[in-house]
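What follows is chain A paired twice: with chain B in the first complex and chain C in the second.
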Partner chain A sequence: MPKLTIDGKTIEMPKGATILQAAQALGVYIPRYCYHPSLPVSGTCRMCVVEVEKTAKLQIACATEIADGMAVRTDTPAVKKARRDVLEYLLINHPVDCPICDQAGECFLQDYYMDHGLHKSRIAPGDKIRRSKRRAAGKYLTLDNERCILCTRCVRFCDEVTRTGELTVSGRNDASFIDMKEGKGVDNDYSLNIADICPVGAFTSRDFRFKARVWFLKKTGSICTGCAAGCNIEVHHNEGIVHRLMPAPNPETNTWLCDRGRMTYKVLRAGDRLSKARIKKGSMEPEPALRQAAHLIDDAAHRAGPESVAVLGSPYLSLEDNLAIAELASGSIKTGALCLDFSCEQGVKDGILINKDQTPNANGLKLLRARYGGLDQNALIGLINSGRIKLIVAEARALNSLREKLRDLSNIPTVILALAKSDLDFDSDCVLPYASYFETEGHFVNYKGRIQKTAAAVAAPEGVQPLWLVLSKISSYTGAPIKIEDTKAMSAKLSEYALGKSVIPAICKPGSIAAKSTRE
Partner chain B sequence: MIEIKKVDNRPLNLLERLYIWEIFKGFLVTSGHFFRNLFNPKGLITVQYPEVKRPLEYAAKRRTRHRLKVRADGSPKCVACFLCATACPANCIHIEAAEYQANPVEKYPAVFDVDLARCVVCGMCVEACPEDAIAMDTEEIPGGALKREEMYLTREKLFRNLPGEPSLKGAANRLAQGGKGIGRG
Partner chain C sequence: MAYKISERTLAEIDRLLKIYPQKEAVLIPALHEMQKEAGWIPEEAMDALGARLNIPYARVKGVVTFYTMFNRLPMGRFHLQVCRNISCHFAGAAGMLRHLEDKLNIKEGETTEDGLFTLSAVECLGSCGTAPVIAVNETYHENMTVEKTDRLLAELRAENNSD
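== the complex of A and B ==
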C-alpha cells in the first residue's frame, strides 16, 4: 500500500485512494465544494487544491491519486492564496442575498469565506451578472440560479444515485447554469437530498422554506418510521416544533433519506393531529376518556365473554406499544383473539432505500409473535366477519390495512388509538390519542432485523401519553392491570419478553455514531 | 476636563449636632420650592411623563423606540432574516417569516413584534440588521405606557418612515428594484 505524508503526518492508504480521502483519514480538513463522498468525483470547483512535492502546479486533492512517497502540504502560502482566489472567483457574481436565503447558517460559501476568504469584493454590486431567482424545481425543490456555483453535485446525484437524470448544465462557459431537462421537473423520490448536498443556496427545500433559521435548530438523532428501511435521521426542531428531518448517514442503513420519509413529521402539525380523545364524536380530555375505554372493554367482556374482544397489534407501532397491546390481550382481557400477524413482502424496492414494506415494525411484531402467539390475520378477519367479535381494540392504521377484507364495521364498537384525524376513515365511538415517535422513545426492527430506537425530540401535546402507558392505565381501570407503569418497568419487560437479554446491547443509538451529515 | 470638588470633612459643631436648626434649614428649601411652584407653575422642573414628554438631548437620542422602515411601495424593508432576533439579548423580538408570491424580494415578516416590556434598548438589533430595516431613531422613549398591551409593538405600529426616506440601502433592495438579469439562466 502506498505511504504518503500530509502536512508532515504519515499515512498508509489502499491503492487508488485520493489525497482528499487520505487527508480525511488523517483528520486534515481540505475545503471542497464539488467533492461529495457518495458521488463520483468531478473536480470542477478547484477549492481543494494542495501542494504536492515535485509537481509544477497545485493539484486538486479530490481527483489526485496517492502514490508512494508523496509529500503533500495543505498549509503553504501558495495553497492559501489559491483557496482565497477560488473563493473570490466563485463569489464574483454571487448575489450575497443571505438575509432571504434558507441556506444561510449552513452555507459552504459563508463558512469558507470566514475561514479562507475575508477579501473585499472587487465587483460593484451593480456590475454583477444577474440570473433567474427562485423557481419551482419539482414538488419539493426551489432553484435559484444566481446563488449557484456550478459544482454539479445535483446533476451527478440525479445521474448516478437516482438515475433519473432530470438536471443538466445548460449553456457554455460563463453563461452556463443548472437547468431542468426539457419538460422535466425534479420529481424523483429522493429530490430533497439535492437541497442537502447543494453546498450553497441554489437548491433549497420548498417544505422548509422560510420556516426557521437553521442556527436556531436543535438536533436529535432518531429513526425514520416511514417504511421498513429504518433510516437513521436527525430531527431538527426548535421550541417544541419539528421543522425538518435530515438523514444521519449510517453505513448499516442509509446515506440518503427519501422525500416520503422526510414528510413523516407532518403528522405532528396542528389541525390534523389528535390531542384530545373523542368519545361518541365529542371531544374529551385524554385521561378521563381512558375510563370510558375501560368501560367499553369491561362491558363487552362481561356480556359476551373475553373471547369476544379482538385486539390488534400494529406494524406502525414500536415494540413497547405492541408489547403493551399483547399484554393487554393475554394478561388483562384474557382473550385469544389477538392478532400480531402483519408481515408482508420486504426488500429494497428501487435499489436505493425505499422498502416494499411501508410499515416500520413488521419484524418487531414477528419477535412478539414468537412469544405471545395469537391468531393469523385471516383467522382474525374470519372471526370478525362471522360476528362473534363484539369489540375491537386497535391502532387506526393497522385496522385500516385490514378494511378491504372486513365486512361493515359500523355494528361493532371499537376502541381506536390514533395519531391524526386523517388516519380515521371510519366512525368510532372511542378514539384515544397517543404520543408519536417524535415525542417518545420506541424500538423498531428494520427489514434487516436491526433493532433501533427513536428519540423524544419534542414534547407531546398536554395530556397525551405514550400508547403503552395509555393501555397500562386502561388495564388498571378494568381491574386487571398489566403492571407496566413507567419506562423502567417497560424496558425490563421488553428485554425479558421480546428482545432477550443478549440482543439489547446491539441496539444502535442513532446520532451517537460519528454521523457525518450528507451536506459534507 | 473633569471638575474636582473637594469635600469638607470637618467635624460637626454643636449647633449642627443638635440637628434642630439643620432640619429647619431643610424645610426652608422644601417649602421654598413648594410656594415657588404653587404661584409660578410654569417654572416647574418636574415633567408629567408619560402625558408630557421633553425633547431628548445628546446621546439619549441615539437609541429610542424602534421603527421598521418601509419601501416606496409600502412593503417593509425587513426580509425576516432573524438577525435582530438572534442578536437580541432580551429575546424581545418575535418574527414569523412568509413568502411573497409576486414580489421579487421573496421574503417578508408576516409577524414582527417587539415587546418593549422586555427590551433593554441596547440597539443590537439595529447593528445586526443587514437590510437597514430597523432603526431606533424615533426619539420616543420606549415604554411609559398605562397598559401592558401598549408595550407590545406589532408590525403595523412599527412601520414608519422619517422625512427623506425611503432610502435605497440594504441587501435586498436591488431585488425590490426588479433589476432584470444580464446573464441567461
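== the complex of A and C ==
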C-alpha cells in the first residue's frame, strides 16, 4: 500500500485512494464544496487544492490519487492564497443575503469565508449578476440560482443516486446555472436530500424554510418509523417543536432519508393530532377516559365472556407498546383472541431505501408472537366477521389495515388508540391518544432484524402518555393489572419476554447513532 | 402538439446507436440533424429526443444550452452572424453590427418581423485574414464594408423574392 505524508504526518492508504480521503483518515480537514463521499468526484470547485512536493502546480485533493512517497502540504502560503482566491471568485456574484437565507448557520460559504477568506469584496452590490430566486423545484425544494456556486452535487445526486436526472447545468461558463424542465421539478422520493447536500442556500427545503434558525436547533438521534427500513435520523427541534428530520448516516441502515420519512414528524403538529380522548364523539381528558375504556372491556368480558374481546397488536407500534397489548390480552383480559400477525412482504423497493413494508415493526411483532402466540390474521378476521367478538381493542392504523376484509364494524364497540383523527376511518365511541415516537422511547425491529430505539426528543401534549402506560392503567381499572407501571418495569419485562437479557444494550446504544451528517 | 422526430433523423439515430458504445454520443449528431430540418431546436424536440434515446430531458437540455450554435428560438431564413472577435473588431465589425441593427430595425439576437433575417454577434469564425466577416447561414462573406453589407441585404431580399 502506498505511504504518504500530509503536513508531516505519515499514513498508509489502499491504492486508488485520493489525497482528500487520506487527509480525512489523518484528521486533516481540507475544505471542499463539490466533493461528497457518497457522490462521484467532479473536481469543479477547486476549493480543496493542496501542494504536492515535486509538482509544479497546486493539485485538487479530491481527485488526485495518492502515490508512494508523496509529500502533501495543506498549510503553505500558496494553498492559503488559492483558497482565498477561490472563495473570492465564488462570492463575486453571490447575493450575500444571509439574513434571509435558511442555510445561514450551516452554510459552507459562511464557514469557509470565516476560516479562509475574510477578504473585502471588490464587486459593488449593484454590479452583481442577478439570477432567478425562489424557483419552486418540485414538491419539497426551492431553488435560488443567485446563491448557487455550481458545485453540481445536486445534478450528480439526481444522476447517480436516484437515477432520475431531473437537473442539469444549463448554459456555459459564466452564464451557466442549475436548471430543470420548464414546469417540472425534482420529483423523486429523495428530493430533500438535495437540500442537505447543497453546501450553500441554493436548494432549501420548502417545508423547513423560515421555520427556525439552525443554530437554535437541538438534535436528538432517533429512528425513522416511516417504513421497515429503520433509517437512523436526527430530530431537529427547539422549544418542544420538531422542525425537521435529517438522516444520520449509518452504514448498517442508511446514507440518505426519503421525503416520506422526513415528513413523518408532521403528525405531531397536525390539526387533527389527538391530545384529548374522545368518548362518544365528545372530548375528554385522557386520564378519566381510561375508566371508560376499562368499563367497556369489563362490560364485554362479563356479558359475553373474555373470549369475546379481540385485541390487536400493531406493526406501527414499538415493542414496548405491543408487549403491553399482548400482556393486556393474555394477562389481564385473558382472551385468546389476540392477533400479532401483521407480517407482509419486505425488501428494498426502489434499490435505495424505501421498503415494500410500509410499517416499521412487523418484525418486532414476530418476536412477540414467538412468546405470546395468538391467532393468525385470517382466523381473527373470521372470528370478527362471525359476530362472536363483542369488543375490539386496537391501534387505529392496524385496524384500518384489516378493514377491507372486515364486515361492517358499526355494531361492534371498539377501544381505539390513535395519534391523529385522520388515522380513524371508522366511528368509535372510545378513542384514546398516546405519545408518538418523537415523544417517547420505543424499540423497533427493522426488516434486517436490527433492533433500534427511538428517542424522546420533545414532550407529548399534556396528559398524553406512552401507549403501554395507557394500557397499564386501563388494566388497573379493570382490576387485573398487567403491573408495568414505569420504564424500569417495562424494560425488565421487555428483556425478559421479548428480547432476551443481553440483546438491547448490545445492539442499540441510544444516542450513539448520529455518527456524522450527510451534509459533509 | 407533440413533437415528432422525422423519419430521416430517426434512421440516422438508429445508425449512430450501432456505432457508438454510449448512447449519449448520439446526442450531438442527432441534434444537428434536427436543427438542419427546422432551423432550431424546440423544447418539445429535446423531450422527444431524450425519450427516444432514453436519456433524461435535463441531459439533452444541458447539451443544447452548452453549445451556442444550437438555436433555441425560431430563426429567420437568413442567419446573419457578425464576428465580434478581435481581428474583426479592429477591422470595423462593431460598426457593421450597429449598422445592421439600424438597417433591419432589430437588436442583436432578434429576428425581423417578416422572418427573413436573424442577427447574431458570434465568436471567432476562423477567418481573421479576411476580417471583418459575416456568415449568412453556412456561407462566409469576407472583407465586409458597410456598402457591401447593404448590397448583401439587397441580394438576400432578391433571392427570397425570386423563390
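What we mean here is this: the second predicted complex is superposed on the first by the 511 of 520 C-alpha atoms of A that agree within 3 Å, B and C clash if a C-alpha of one lies under 4 Å from a C-alpha of the other, contacts with A are read in each partner's own complex, and residues count from 1 in each chain.
One rule holds in what follows: a residue touches a chain if its C-beta (ideal position, glycine included) is under 8 Å from a C-beta of that chain, and two chains touch if they have at least 3 such contacts.
This structure is a prediction, so every number in the text was calculated from the model and none was measured.
Asks: Could you say whether A:182 touches chain B, chain C, both of them, or neither, answering first, second, both or neither?
Replies: second
Asks: For A:449 in the superposed arrangement: first (chain B), second (chain C), both or neither?
Replies: Neither partner.
Asks: Please work out whether A:40 is in contact with chain B alone, chain C alone, both, or neither, and reply first, second, both or neither.
Replies: Neither partner.
Asks: Now for A:171: first (chain B), second (chain C), both, or neither, which partner does it touch?
Replies: A:171 sits against chain B and chain C alike.
Asks: First (chain B), second (chain C), both or neither: which does A:96 touch?
Replies: first
Asks: Which holds for A:132: it touches chain B only (first), chain C only (second), both, or neither?
Replies: A:132 sits against chain B, while chain C stays out of touch.
Asks: Mind telling me which of the two, chain B or chain C, contacts the most residues of chain A?
Replies: B
Asks: Touch check for A:213: first (chain B), second (chain C), both, or neither?
Replies: first
Asks: Enumerate the residues of chain A that count as touching chain B in its complex and touching chain C in the other.
Replies: Correct list for chain A: 170-171, 179.
Asks: Write out the stretch or stretches of chain A touching chain C in their complex.
Replies: Those residues of chain A that touch chain C are 155, 158-159, 164-172, 179-182.
Asks: List the residues on chain A that touch chain B in their complex, please.
Replies: Touch residues, chain A against chain B: 93, 96-100, 104, 125-126, 129-134, 145, 170-171, 174-179, 209-211, 213, 215-216.
Asks: What residues of chain B sit close enough to touch chain A in their complex?
Replies: 79-83, 86, 97-99, 104-107, 130-131, 171-172, 174-175, 179-185
Asks: Spell out the part of chain C that touches chain A in their complex, as residue ranges.
Replies: 43, 47, 55-59, 61-62, 65-68
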